[in-house]
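Next come two complexes built around chain A: one with chain B, the other with chain C.
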Partner chain A sequence: MATTGTRRQNGLAKALPLLTPAYAWLTLAIFLPLSAMVYFSLLTSMSPSEQSSSLTLANYAAFFSDPLYATLLWRSLQLGLLVTLICVVVGFPAAYVLAKIFKGRAREAIFLLVILPFWSNSLVRVFSWSMVLREGGILDTALNAVLPFEVTFDLMYSFPAVVIGLVHSYLPYMVLTCYLSLQAIDDALIEAARSLGASRFTTLRRVVAPLALPGVLAGSALIFIPVVGSFMEPRILGGRGGTLYGTVIEDQFTAVYNWPLGAALSFILLAVVLAILLVSAPVLRKAA
Partner chain B sequence: MARVEVQNVSLTFGAHKAVDDVSIAFEDGGFYALLGPSGSGKTTLLRMIAGFEFPDEGSIRIDGEAVENVPVNRRRIGMVFQNYALFPNMSVEANVAFGLEVRGETGEAVRRAVAEALDLVQLGALAKRRPHQLSGGQRQRVALARAIVTKPRVLLLDEPLSALDKALRTDMQVELKRIQREVGVTTIFVTHDQDEALSISDRIGILKDGRIVQEGAPEEIYDRPKSEFAATFLGEANILSGEVSGGRLQLDATTAIALPQGTNAAPGRLRCAIRPERVRIAAAPTGVNGDRAGQLRGTVVRRLFSGSASTYFVDCTGREMKAIVQRGGGADIVVGSPVALDWDPADLIPLPAA
Partner chain C sequence: MNKTTAILTGLGLLLSGTTAMAKDLHVLNWKGYGADEPFATKAFEEMTGDTVVNDFFNSEQEMLTKLRTNPGLYDVVMINAAFMQQALDEKLVQPIDTAKIANYGDLNEAQAQSKMLNVDGKTYGVPWTWGLTTVAINDKAFDTPPTSIKEMWKDDHKGRVTIRDDAVEAIQLGALATGQSINDVQDIEAVKQSLTELLPNIRTFWSSENDWNQMVASNQIDLGTYWSGSAGRAKTKFNLPVSLVVPEEGAVGWLDSFAIPQGSTNVEGAEKFINYMLSPEFYTEWDKSVGAPVSASQRAVAALPEDSFNRRVMGAPEVAERVQFQEPVTDAQREEYLKVWQGLKVGAN
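Coming up: the complex of A and B.
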């Protein structure tokens, strides 16, 4: 017992130099600012002119007093769900083809196309969508060139535009996480299912999908959480229709300069997302 | 249970001819081994019978029905994979039930069939376990139960024992044979292990470079190999080559050995094989020349003791010969001793020119 104890301590001592940089960075970059934000969210005011700033829960109460915030949060959650769902539907088949059908060079080439969006600036990507989606834009012109009848096509400043922009930004995460879990599935398992009489669809449903579920869930979490709090795509592509919970928070920090309210709204979002993950975890674990 | 007939089947991968004009019939209820080195096309042939690969040419018939264009899930075959391929997300029971469920069977019938199959492989007690909680041998049994529970027309095994250690492998060979007898299903077994092929199967097909070199009962192939490859791949063999003249094989200017009686080999070059256990070895004084037909002289260069037998490696003026002597068959001969090798000419197997 004593020896194992010392050995474990030795292991920790050896691990410490490897762990410290990451944890020190996380402490500095996340824990400290977050703690500061908690403090801000409890202040009455942060303007330097008013000397008498005191602690209050009013900022949190504001969320409950005005139904607009809850409505916007609900819309943001729906948006998160919709974008995540579209990413699963579009991303999973792509990941399946990448992991199970393409081999060698073809796989590398297609893989590159998937991660290509990461190489360009995200703001540029969103603005380029505005050129595609607006009336007289690329999509409108192309459709009118092909179709025999006149159509006016203007998705700019609409909810669908926000969804399109967000799916574009976050789809690679889904493809990558699904690819990783699909690639780990032994091809012999699929062949075994087929040899036992299962059709392609049954094999997908009973063998491939359950085994790929962890990847789908990881991708969903990676997408759902930032999409619920997203503000850039809604603001640029959504116009007036793009007012969402994330944009309201951003306004508090950049336009209204009501940092305490912005901080409080952020923590309410954090709490709601955590609650959703906590509630869904056991259900999903059972499914997996 | 069915007869499987493969006729003139070829399959090319790019520039590589994996299976080259193969014809072979697997009789109903037989236990067949496809034996060959890696790259010989044995697994590709099995995968074509299964329906994972489709032949470029030729036909595959199961019970007279042409299946070469039928997808794997409608061929009613059972397959056991090299790495078992058990579904890790399902219990042992659910793994075995899978094939029945996808056929639309439910309830009591499935439960009974699964229990029966697990009893057959003696794993009834582990039905609720997950695959990762089982040993290699147990996983192999589950894979077997899963493959036979659907009453397949033919059972295909792709090197199923190669991942097991030697002792377990021997047990599983016996077990596999017993289960195959009990179920009576036509079984095709791919292996690169010659001992396994010899001990387990009713018939063996030897493959090389995508072709069937020889097909027959294990004893038949062992006793009468038709080529040097068959002789050396299935068991061990000394190969002697020389010039045929007057019923004798002239190995070199000074040495000739007798050919078996009735050999009507045309004059010219001929290769013969002799099994090491057929070679008798005796200490001989130096300086005495070969005086009898079918005899070679040489010096022992190495001796390999393997318990029940010893293998002597004898250098006969540049030609290495192996002789296996059972324990108790005489005193040991020390390395470096001059010896005389002798055999019954009838044990010499003339090999047709390859």
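Coming up: the complex of A and C.
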């Protein structure tokens, strides 16, 4: 017992130089601003002309007193679920093919295509969608050139446009995390299952899917959390339907300088997302 | 402690001493908004011998903060008339002796006498430029330009209208459409009702000049709210089929003015600078080389070419009749408007 204890302490001492830069950075770049935001969220006012700014919980109460915010949060959560689900459906098969079927050069090339969107600025990606989706845009023109009958295809400034834009932005996360967990699965396991008489589908369901689940879950969390708070894509692609929880928070910061309310709304979002992750964790662990 | 104070005081005296000798003129304004044009700085320095030092702000709040935290540093500040009251309440600006500004007499009488700039018989702001937030149309969608703001509500334009996603602008639009004063909205329910009816017609909200111009270029909209200066640029600089409409219900006007901060060390230079900013020489060059809003000086506007946007469109008599100048909006009012506006947007889909 005693020896393990010392060894552990030694280990910590040795690990310290390796850990310090990352944790110092996190403290500086995340913990401090976040603490400042907690403080702001409790203020009555940020206006420098009113010196009598005092502490209050009114900003948090505002969320509960007006059904507007709950409606918006619910809508944002639904959007997050939908986008995550589409990413799983689209991303998992792609990751499977990358990890288990393609080898060598082909894999590298396909991988590059998956990561490519990361190389461009996210704002540019969203704006390029506006050229594709609008009436008379690239998609509309292409469809009409191919199809024998006339269609007007105008998805721009609608809920589907927001979903398309967000899936495009976040799909690579799902492909990458699924790829990592799928690649770690020993091919021998799949061969064993097949040789013991399991069909392809049974192998996928009983062997591959459970082993790949951690990757899918990691990807889902990486996608769900930012999508719930997203504001840029809804604002640019969503048109008048693009009012979501994230855009309302943004308005508090940029349009009315009501930082306290904006900060309080952000922390409520954080709490709700954490609660969802906590509640779902045991269920998912059991499933895994 | 005492030593530090002494040193600081000494430094301060030294600095103010040098300032007084070299006659620096510190100007606080938006970046790229006329006063910092290199041609203007050069001309003014040659004329007076003073050195112009430009400083900038990114929001009205920042402008007020800079005045509060640097008393005595600035000699001229550009203040939107709607924010003058706040600057006065905090005693950030001083009265101006208009007799020392020769071009003051060229100003539009109503603007010069604006009660936002004149308090207790003293003048605190000299009007400089103004413009409108009103309606602009895509010429391709209209044979004859509409005369009523209600055109935006018509079924013919379903999904082909745009407005800015700004709570104050939206509420003011509703106020105009329901025949109310933009500065004193009595019947907010009527405004809500009116905006609820408008929302189905909205294609999207614009946030920048570029958004608006793009939508017209790709023929996605028929009409929408727009800024007068932007509509002028869209037509003259980008050759887009855009025309400005000043509807009979009225239009929202904004007025920018120059003020002299409390404690300025170069009031004389400040008066000369304001005088130069109102001069036709400065204004015609500004409008020609960059594109300017409408000058508050009638003589300066009259010096523009006859077909120029600021003279022909903005100088039309009905514009002056219909404009309602925007008065201060309190923070509480702004937050209230935002809440109403967000509620309407959420209710609409």
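What we mean here is this: the second predicted complex is superposed on the first by the 281 of 288 C-alpha atoms of A that agree within 3 Å, B and C clash if a C-alpha of one lies under 4 Å from a C-alpha of the other, contacts with A are read in each partner's own complex, and residues count from 1 in each chain.
One rule holds for everything that comes next: contacts are C-beta pairs under 8 Å (C-beta built on N, C-alpha and C of every residue); 3 or more make two chains touch, one makes a residue touch a chain.
Computed from a prediction, not measured in an experiment: that's the story for all the values here.
Because the two structures share chain A, they can be overlaid on it, and in that overlay chain B and chain C fit beside each other without clashing.
In the superposition on chain A, A:T243 contacts chain C only, with no contact to chain B. In the superposition on chain A, A:A188 makes contact with chain B only, while chain C stays out of contact range. When both complexes are overlaid on chain A, the residue A:R206 reaches chain B alone and has no touch with chain C. In the superposed model, C is the one of chain B and chain C that contacts more residues of chain A.
After overlaying the two complexes on the shared chain, residue contacts for A:G11 are found with neither chain B nor chain C. Once the two complexes are overlaid on the shared chain, A:L68 sits against chain C while remaining clear of chain B.
Touch criterion not met for A:P160: it reaches neither chain B nor chain C. Once the two complexes are laid on top of each other via chain A, the angle at chain A between chain B and chain C, using C-alpha centres, comes to 150°, given in steps of 10. Looking at the shared chain after the overlay, A:P93 reaches neither chain B nor chain C.
Taking the two complexes aligned on chain A, the least Cα distance separating chain B from chain C is 46 Å. Across the complex, chain B meets chain A through its residues 50-52, 71-74, 76-79, 81-83, 85-89, 98-99, 102-103, 146-147, 150, 156. By the touch criterion stated above, chain A contacts chain C in their complex at residues 45, 47-49, 66, 68, 71-72, 134-136, 156-157, 235, 239-243, 248, 251-252, 255-258, 261. Taken in their complex, chain A has these residues touching chain B: 186, 188-189, 191-199, 202, 206-207, 210-211. Across the interface of their complex, chain A is touched by residues 61, 64-65, 68, 86, 90, 165-167, 199, 202-205, 207, 218-220, 331, 334-335, 338-339, 342-343, 345-346, 348-349 of chain C.
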